[in-house]
Amino acid sequence: PADRERTEPEVGVATGLAWTEFGGELLSIEVSITPGKGQVVMTGKLGDVMKESVQAAMSYVRTRSKHLGLKTNFYMTQDVHVHIPEGAIPKDGPSAGITVATALVSALTGNAVRKDICMTGEITLTGKVLPIGGLKEKALAAHRVKIDNVIIPKENEKDLPDIPASIRRKLNFISVENMDEVLELSFEKKRKSKSKRTQKTTTKKKTAKSRSRKTPTRKHPSVAHLN
Amino acid sequence: PADRERTEPEVGVATGLAWTEFGGELLSIEVSITPGKGQVVMTGKLGDVMKESVQAAMSYVRTRSKHLGLKTNFYMTQDVHVHIPEGAIPKDGPSAGITVATALVSALTGNAVRKDICMTGEITLTGKVLPIGGLKEKALAAHRVKIDNVIIPKENEKDLPDIPASIRRKLNFISVENMDEVLELSFEKKRKSKSKRTQKTTTKKKTAKSRSRKTPTRKHPSVAHLN
Amino acid sequence: PADRERTEPEVGVATGLAWTEFGGELLSIEVSITPGKGQVVMTGKLGDVMKESVQAAMSYVRTRSKHLGLKTNFYMTQDVHVHIPEGAIPKDGPSAGITVATALVSALTGNAVRKDICMTGEITLTGKVLPIGGLKEKALAAHRVKIDNVIIPKENEKDLPDIPASIRRKLNFISVENMDEVLELSFEKKRKSKSKRTQKTTTKKKTAKSRSRKTPTRKHPSVAHLN
Amino acid sequence: PADRERTEPEVGVATGLAWTEFGGELLSIEVSITPGKGQVVMTGKLGDVMKESVQAAMSYVRTRSKHLGLKTNFYMTQDVHVHIPEGAIPKDGPSAGITVATALVSALTGNAVRKDICMTGEITLTGKVLPIGGLKEKALAAHRVKIDNVIIPKENEKDLPDIPASIRRKLNFISVENMDEVLELSFEKKRKSKSKRTQKTTTKKKTAKSRSRKTPTRKHPSVAHLN
Amino acid sequence: PADRERTEPEVGVATGLAWTEFGGELLSIEVSITPGKGQVVMTGKLGDVMKESVQAAMSYVRTRSKHLGLKTNFYMTQDVHVHIPEGAIPKDGPSAGITVATALVSALTGNAVRKDICMTGEITLTGKVLPIGGLKEKALAAHRVKIDNVIIPKENEKDLPDIPASIRRKLNFISVENMDEVLELSFEKKRKSKSKRTQKTTTKKKTAKSRSRKTPTRKHPSVAHLN
Amino acid sequence: PADRERTEPEVGVATGLAWTEFGGELLSIEVSITPGKGQVVMTGKLGDVMKESVQAAMSYVRTRSKHLGLKTNFYMTQDVHVHIPEGAIPKDGPSAGITVATALVSALTGNAVRKDICMTGEITLTGKVLPIGGLKEKALAAHRVKIDNVIIPKENEKDLPDIPASIRRKLNFISVENMDEVLELSFEKKRKSKSKRTQKTTTKKKTAKSRSRKTPTRKHPSVAHLN
């Protein structure tokens, strides 16, 4: 199934990370936008908390519509469907929030999400990125499917040392505080990048070595290289 | 009851495959379209997961409306009813997704679905076809009612060897990755076929013989002939 | 109470047959149509399966509106109420489907349903008539209230031998495959009958002889007279 | 509390009879009609069966609107509230159907219901009056509050002998088959009465004496005088 | 908390009396009216019976809109919010009915409710005031917060002797049969009072002394002075 | 996580105080307003009581719209989303009422809430501030994140002595009776302050003396400085 995760960039699809009792999992989040009356449909056996995090992501995007170049009332003349395959597996929790928002922005702008990036983080209405659980398992899953760039909440930097050094060394963790940073990181550079607010955060540990040489030179405020 | 499954081509009806604890079953999926206000009704004692897969199929068709030659806002001026007889038997799971989408397209375009074909596969919003369970039982059911052509998800090719060779030999498995392929396969050739993307996949096993001579020469990207 | 079942023909009322743990029962199904906004109300303590079968019957009638001489969008400018007395008794199952459709057509066309006919059968969206359970008990109920003509699904012909010969002899079983046949049979002949598609089915048993000579010359594709 | 039941005629209020485990009870059924959008509100801790019987009563009145001199679409421009005090006591069952219909017609026509009459009976969409349970207890309740005229379903005539002779003697039972009869009986004679369809049914028993001298000379098809 | 109950007259607020297992309680009922589409919101952890009694109060006010000087369709162009603090305490039962109606009329007319009056009584659609339970505890609560005038249902006069004489002596019980009387009593005299229908009911008991000297000279049909 | 609470002033965000079984917690309440049809969405795993308190806060703001300089029908042309992170943690109770109202007013007026202030209190429709529970734990939480100004209900002044003196000494408790006072206190002084209604309340313990001389000259009716 991992093969499904590594195809070319797609519009309306972003890759999240989920924790399950059997370990971490990649979660493809799909959004379709069609002309409509403003209905929001959520499918994929989503629990109440996840449904609410979709609503939070939606409201964030509504609030930021002007900034994102969207028509101010896009949500009144279009229907939004957020689906998370595989449909028989129950999913819950707030940690897919930033992934949903990214897929939403992708579907609304027509810009494809980078395929070499995955992410996990709770979103708030104002676009803050809150910490999540299960970072270690999620990192192992990202490593398993060879998606090297992993966006994580800044408050989760403290959990990076729990990840086995051999894995940590091969992944590029990018920590963020705000949804705007996530969007800066997630899309291919179609618009002129202004390279602002870039900032690196290095978390060391025992035998850790700097992996900063592997860090791409793209803009993102906080980068955690762990070894 | 099997006799019900083998009549002439019908508009708005497609044949799926279900797994039950008593074995595989054929599932006739019916769709009716009438002028309306965009209501979607689902009946046949469908569980939540199946209802969501109907929603996913619907959104896929909405997204592909232009490609399918449908009016862009067909879903706002018509009501859709998806029904799966027999009404007293509970049904659930995502594996009827591609069948629902096929029946929907049939009802919306007025093109009848081929009667010598049945199918099983989960659909995603973007039209990916995801793997299903119970392939062996489903294959036995298809064989029982003599519907020789069976569309399956590409990821289920690995399960074909589990099917008894005597059955496998008589069935024509066609594996797909994308809903567009399913639609190419499911309808009588009314439109000019461009025979593109055809591809055959042969899975061999012990005493298997090539059954490729029975394979129709129609286009389909992946074909699994098993003996 | 049986007396209630045998009055003059009524518009919007058809007689079904139900199975209960105390034996068969006649079920009067009432439909009223009044100007409205397209609301469908169902009452009579109907279970979910029965409610869905009302929806299937409704969609069948919508699909066939032109054929039935109804205004194409009758369901948008009228409210439909389907009621099954007695209101305190729970009712469920799909076998009233064809009776509901018949009562609906009666209410919508203003044609009264024949009072000497009762029926049982599941309906699908496309008007197929699927088999039901409890045929023996239902037949006994029809006999008890002296409604001699009993429409049954063709697939239930195989159950006719279970009915005591003394009862079978006095009833006229008419087996059907399609809702169109039910409608042909259920109304007084107001329109010119074209006597098309008549077909006889003979069910044998032990000492059974061909009874085809006893078949009335009315139009209906399959008639099973059992003794 | 019985005193509440015996005031002057009121518009929109009719008196029903309920069975409880502590014996029969009078049930005041109130209906208010105000300009609106066609909403129907039901209060008084009504169970599902009773709510459905309110819907049946409403549909009966809709169907009969022309006959009753109501505007055909009264239910689209007015809101209807059906309330049964006392609000803390749960109520259920279909036997208040004819009382609800009577109160509805009263509220809609502005004609007060006679205060010397109470009633019990299930209503169907087509206005049939079906039998009810607990006739004996209901009769005792009517007697207790000195409402002498009691409308009952014709099929309940068979239960009249169960009522103690001393009570039966003092009550005037009027049995009906159809809601139209109930309406003829329930209102003060504002319109010219045509005295049609009058019919008396006499049920005798042991020491019964004729009470027909107490029967009002109004039209009603079936009258049961019991002694 | 009792201090909250004794401020100056307020628009849209009326004081009811509740029974709890810890004794009587005062219940402040707040109503706000704002331009809207006719929505009715009820909050304060209200049980179903209390919600229905709010609906009954609302319909009473709708029916009496002309008499109360309200715009006939006020409920279609305004939203109504009925709230009963304290929000964490569950509340149920029909006995706040007349209090809700009073607060509603206050909010709709802009007339403040008298602060020296509290009340308890079920309301019906037609404005009848039905008896309530827990009168003794409610009276003790009124006495505790020094609200001397207590409106009670006429049918509860029989319960007055249960109240300790020392309390009874200090309270002015005003018994009513109809909501119109409640409204006459609850507001400051802005309109000319016609002093009609005044009537006093005296319930005596052992050592009771007349307290009629404390009774205000306002109009109210039934006054019970108990000692 | 405490760090999240102390950033610069934000529009649409206010800081409440919650009681949990593990102690007090700060609760960031976020409100977003976007053009819409008047929908109110509440997320953050809110219990029924908290949802109702959001409704009460909303109605309070609607009622006060003119006073607050808002368009009278702002709630009909805008959608409101109230979200309380962290989305996976259940939240309930009425004590966030004044915080929700403050965040609402902030979002609607575009004025940022002061970041050095937090609050707790139930709101009623008419803007009264009712007492809450867990004041001690909430005060400890405010102290922990160094938000020194704590708005509390006046009726909770009696609970201040329960807070350890060392904490009380460092916090500035401001007690209020009315939501208008909360709004006066919560925003940066953009409008000219009229310094009206200032009043000081000092709550001492053990050896307490009159403290009215210690009240700062800011406007708020009751201020409790505790040592």
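By written order: A, B, C, D, E and F. Residues from 1 in each chain.
Here, contacts are C-beta pairs under 8 Å (C-beta built on N, C-alpha and C of every residue); 3 or more make two chains touch, one makes a residue touch a chain.
Values in this document were obtained by computation on a predicted structure and should not be read as measured data.
A.B. asks: Mind listing the chains that sit against chain C and also against chain D?
C.D. replies: Per touch definition, common to chain C and chain D: zero chains.
A.B. asks: Count the residue numbers both chain A and chain B use at their shared interface, divide by all numbers used there, and answer same if that is over half, different if under half.
C.D. replies: different
A.B. asks: I'd like to verify one number: the distance from the centre of chain B to the centre of chain C, where each centre is the average of its C-alpha atoms, in whole angstrom.
C.D. replies: Comparing mean C-alpha positions, chain C is 32 Å from chain B.
A.B. asks: Taking the mean of the C-alpha atoms as each chain's centre, how many Å separate chain C from chain E?
C.D. replies: Distance between chain centres: 57 Å.
A.B. asks: Distance between chain C and chain F based on Cα centroids, please, to the nearest Å.
C.D. replies: 66
A.B. asks: Send over the residues of chain B in touch with two or more other chains.
C.D. replies: In chain B, no residue touches at least two other chains, as defined above.
A.B. asks: Can you tell me, using the touch rule above, whether these chains form a line, ring, star, complete graph or other shape?
C.D. replies: Ring.
A.B. asks: Would you mind writing out the residues of chain F in touch with chain A in their complex?
C.D. replies: 1, 4, 10, 12-13, 28, 30-32, 34-37, 41, 43-45, 79, 81, 83, 85-88
A.B. asks: With touch defined as at the start, can you tell me which chain F residues reach chain E in the complex?
C.D. replies: The contact residues of chain F facing chain E are 48-49, 52-53, 55-56, 59-60, 62-63, 65, 72-73, 75-76, 93-94, 97, 122, 124-126, 128, 130-131, 155.
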